[in-house]
Amino acid sequence: MSNLSVEFDTQEGIVKAVDDVSVSLNRGEVLAIVGESGSGKSVTSQAIIGTLPIPPGQITGGQIYFDGQNLLELAPAKRRAIAGARIAMISQDAQSALDSRFTVGYQIGEMFRHHRGWSWKKSRAAAVDLLDKVRIPNAASRVNDYPHQFSGGMQQRAVIAAAISLEPDLLIADEPTTALDVTVQAEVMRLLQDLKTELGLSMILVTHDLAQAYETADRVSVMYAGRIVEHGDRDQIFGSPAHPYTRGLFAATPRMDQGDAELMVIPGTTPNLAALPQGCAFAPRCSNRQDSCVRERPQAVTIAEGHTSACLFASDVHAFGSPFPKGALDSERVGERHDHGT
Amino acid sequence: MAATEGALPKALTFGASLRIYGKALWQDKIALLALIWLLLIMIATIGVDYLAPFSPTDQSLRMRLSAPMTPSPTSALPHILGTDALGRDLLSRIILAGQLSLAVGFSGVIVSGLVGVCLGLLAGYYGDRTDVIIMRAVDLQIGFPFLMLAIFILYALGPGFWNVVLVLAIVRWPVYARVTRGMTMSLREQQFIESAKVIGCGGGRIMFRHILPNLASPILVLATLEIARLILAESALSFLGLGVQPPGTSWGRMIADGRQYIGTAWWLVVAPGFFIFLTALSANLLATWARAVTDPVHRWRVLAGARAGTKRQTRTTRHER
Amino acid sequence: MITERDAPLSLELRSVHKRFESKKPSLFSRSPKYINAVNGVTLSVPAGKTLGLVGESGSGKSTLARLILRLEDVTSGDILLSGKSILEATGPELRRFRQQVQMVFQDPFGSLNPRMSVGELISEAWTVHPEKRPEDPSSRLAQLMEQVGLRPEWSSRYPGQFSGGQRQRIGISRALAVGPDLLVCDEPVSALDVSVQAQILKLLKDIQRETGITYIFISHDLSVVRYISDHVAVMYLGSVVESGPAQSVYDNPMHPYTRALLAAVPSFQDSDGLDGKLRLQGEPPDPADPPSGCPFRTRCWRAEMRCADEEPPLVPQGEDRVVACHFPGR
C-alpha cells in the first residue's frame, strides 16, 4: 500500500483522516498499526478491505496493491470477490458482526454456500470443523446456538472462524480484544497467533495497546493524526524508538513491573484533524520541540534498515536508546515465570 | 479536540446559532412557507380589528350569500371570499374565528402538555407503582371514546372556551405522558443522572433540572404537531355544536353554520375548511423540519449546509463521522 | 462538625451481600432466580490511601461501588464510614454522607449533563448543599477548575465542547466541589487514550497528595491499578479472592486467579510472546449459576475435590494479606 490518503467530509470541513500512508506486508508477517483514537488506524484498515463509508469518506490518493493488483482500480464486483475470499476482517465488536437472528453455524456456513456454492450439509460440517479449530468446546452441538447464547469471548471466536473460513491470505484484526476481559483477551490473541502459524496468514493488527503489539507483531507502524510517524521492526521500535510520540506513549503507559513509579505525561490531547497545525502534528505536545518543528512538516527519514521516523530530529531521538529500564524487555524474570502447574 | 489545552472549539453565541437556524430554514422553502403562513395567521387574528377588510360583525341583508369577489357597495375592496347568510364579510369572519381556533389550539397544548409531561416524568423516573398507576390511566384514557367523553363533560359543564380546552387536555395528555415517560426511562439510565444522585440532588431537581432540559426539543416538536391536531379537534367539536357558542365563532363553527347552504353557497364551507387545512398542514410541516434540525443524527447535515452556505445537496448516508 | 471532619475517615465493609432478582416469578417458573452480584465482601480502606479494586466483567466490582455510594441497597451486611453505618442514613444524615463520599464515573461523555455549563456542573453541589456554599463561589469555582487543569474562563462552556480527558477533569472537579473525604473512581480512565489516561492518573495522585483524600479505584486494567493503588483487592464472581498491599500482591500473587490475571496482561516481559503465559480454561461462569465451593475452581488448574465441597474462607497470609484459597501460593 502506498501513499494512501482518505478524506472525510464532516461538519467541520474536509478532514484528512489518513494522510499519505505507506505500508507493506509480506506473506506470513504480522504488522501492528498502533495509535490512539483519531489517529486513522481503523480508517486505514477499512480502506484496505473496502468497507470505508463512501461518502462521507473518500479515497483521494494512493494505491493498495494486493498480490500485485491495485485494489482501488478493480471493478467493485471483482474487488468484493478478493476482499471476501482472500482478505478477511475481524472487528472490535463481535456482537454486531454476528446477526442475532441466525445460528452461529448458519452464518459461518453461509460463507461456503455463498462463495463456493457448497451444499447445506457440507457447509454445516465445515462450520463445525471451523468452530472446533477456534477451540469452541463441543463445536458439534454449539453450531446450532444463536449468538446471544455465546459469551463475548466465544462470539469473537466465532467471528474469527467465519473470517478464516475461506482460507484468506490476509487477516485484518481491528482491535480484536478491546471489548474482552483480560484473561479471555490473552486466549483470543493466542488463538490468532496459532492460526497465523497454522494457516500461513499475514495479519494486520490494529491496536492501541503497545504491549499487545510487542507480543504479537513482527513489524510495527505508529500512527498519529492520520500519518505514520514511525515504522520499523518490533525490536527497532521497542528497542530504540526514533519518534518522540512513540517514546511518549511508552512513558505514559503504566506498567506493572514499574510499580507506582511516576508516569511521564504527554501534555494536551489528540489533535483535531480538521485543524492540524502547519508543521509537525505532534509539535504542540512534544517535549523536544524546536522552532523548525512548528514551521516544517517532517518527512519520514530512514534511521536504520527498515526503520523510519517522521521527525526532524529522528536520529537524536533514536540515540536515546531503549525506553525501558535495562533488561526489562528480555526474559529477565524467567525465574519468576509461573509454571503451568500439574 | 484541540492540539493544546488553550484552544477549544468556539462556543456559539445565541445570535450566531439563531443565524444558522435561520439559514437552514431559508434553504428549506417549504418549512419557510409554513412558518410564514402561521405567522400571518397569528398576526391577522390578533390584530383583527385593524387588519380585517370589513368589520366581521357588520350585517348587510342586501349582500347576503354573495359569491367571492363580489364588489362591496361600501368599500373599495370587494368581498374577497364572499359573504355569509347575514351578509357579513367571510374573510373577516374567518380571521375573527381564527382567534378562537388558535387560542384553543395553544391553550389546549399548554394545559395537556404540562399535565402530560409532569406525569410522564414521574412515571418514567420513579417507575414501579407510580409508573403502573399513571400508565394504566394513560391506557384507560386512550381506550376511551373521545366524542363520548366530550359530550359528557360539555353537557355537565356546559360549552365554553375553557371547557373545550379542558376536554382537549383530558383527551390529549396521554400522548405527552407516553413520550416523556419513554425518554425519561432511557435518560434515567444515563450516568449523569447517577452523578446527580451522588451529588445529592433530590427527585424534583433531577427531573426538572437534569431530565427535562434534555427532552425539550422532542417535546416542542410534539407540541407543534399537537397544535394542528387540536385545531382539528376543536373544529369537530364546534361542528357538532359542543364547542364555541354564538356569538363567538371558530372555524369549525363556521363550517357547521355554512353546512345548510352548501348547495347554494359552497364558499361558506370551503373557505374556513381551507384555512383549517392550511394551518394544520403548516404546523405539521414546521414540526417535521424542527425534528430534522433538532435530531442529533440529522442536525449537522441540515446545519452544515446552512453554515457553508453552499447549494450542496444533503447526502443521505448511514454513516456519521 | 469541624472536628468530625478532621478525624481520619475510614471505610469498612462487613460481609456485604447484594442479590439481584434476575427473573421474576412468572406463570411458568414459580421460584425467582437470583444473582449474587456481591457475595460477602469484607474490606477496609485506610484514610488517605488508595484501594484498587480489580476484576473482570461480572466480578461485582462496579456493584460494590454502587453499594458504597448508596445507589443500590445492600441485601445484607454493613458498610461503616468512620465507624458509623451508612445504610440507615436518611434525610440530613444522608445529605452529610453525600458531602463525604463522591464518585468519578467511567464514561466521560455520558456522565455530564449536556445541557448544563461547566460552571453549573461543578457548582451544583453547592446548590444542593447550601451549607457548603463557599463565601466567594466564583473564586472557589476558578480554584477548583485550576486544580484539575481547566481554565477558569471555560466555566460558561458546555461539555460537548470538550474532549474526553477534559470532561473527565470536569467530572473530577465536580466531585471535589463538596470537599469529600472519599472518592470512588469507577473505571475513570478506561475510556481514554493512553496519553490522556496518564494525565488523569497523575492528576488523581497529585490531588491525593495535596488533600489527603481517600480513593477507591476500580479498574479492569491491572497496570493502571498497580500505578495508583496502595492496596489492592482482587474480585472474582462477587467475592474478594485476595487482597493486600499492592506491591506484595503483584510481586507474589498467592491466589491462582490473581496469578492468571497478572500473567494474562500483555507486557513487554516475555520475549517469546504469549507462549510463556499461564492459560486459563474456559470463561467466567454465569453469576446466576455459580459453581459449588470455590467460585474459581472451574477454571483453576489446581482444583481438587475439596475445592468443590467447601468454599475457602479469606485467610490471613502474613504482612496484611488475605487469600481465599485452600492451597495458597502453591
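Letters A, B and C mark the chains as written, and numbering starts fresh at 1 in each.
The rule is simple: a contact is a pair of C-beta atoms (placed from the backbone, for glycine too) under 8 Å apart; a residue touches a chain by one contact, two chains touch by 3 or more.
Predicted model only: the values in this text are computed from it and were never measured.
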item: Intersection of the contact lists for subunit A and subunit B; value: C
item: Chain whose average C-alpha position is farthest from subunit C's own; value: B
item: Which of A-C and B-C has more C-beta contact pairs; value: A-C
item: Subunit A and subunit B, separation of their C-alpha mean positions in angstrom; value: 53
item: Inter-chain centre distance, subunit B versus subunit C - centres from mean C-alpha coordinates, in Å; value: 49
item: Averaged-CA centre spacing for the pair subunit C and subunit A, given as whole angstrom; value: 31
item: Junction residues of subunit A, two or more chains touched; value: 267, 269, 285
item: Multi-partner residues of subunit B (each touching 2 or more other chains); value: 1-2, 5, 9
item: Subunit C residues counted as touching two or more neighbouring chains; value: 163, 166
item: In the complex, subunit A residues that touch subunit C; value: 36-37, 137, 151-154, 181-187, 189-190, 193, 208-212, 214-216, 238, 248-249, 251-260, 262-267, 269-270, 285, 324, 328-333, 337-338, 340-342
item: Subunit C - residues contacting subunit B, complex; value: 69, 71, 94-95, 98-99, 101-103, 105-107, 110-116, 124-125, 128-129, 149, 151, 154, 156-158, 161-163, 166, 171, 174-175, 178
item: Touching residues on subunit B, where the partner in the complex is subunit C; value: 1-2, 5-6, 8-9, 11, 190-192, 194-202, 205, 209-210, 213-214
item: Subunit C residues touching subunit A - in the complex, by the definition given at the top; value: 56-57, 163-166, 193-199, 201-202, 220-224, 226-229, 246-247, 250, 259-274, 276-280, 282-284, 301-302
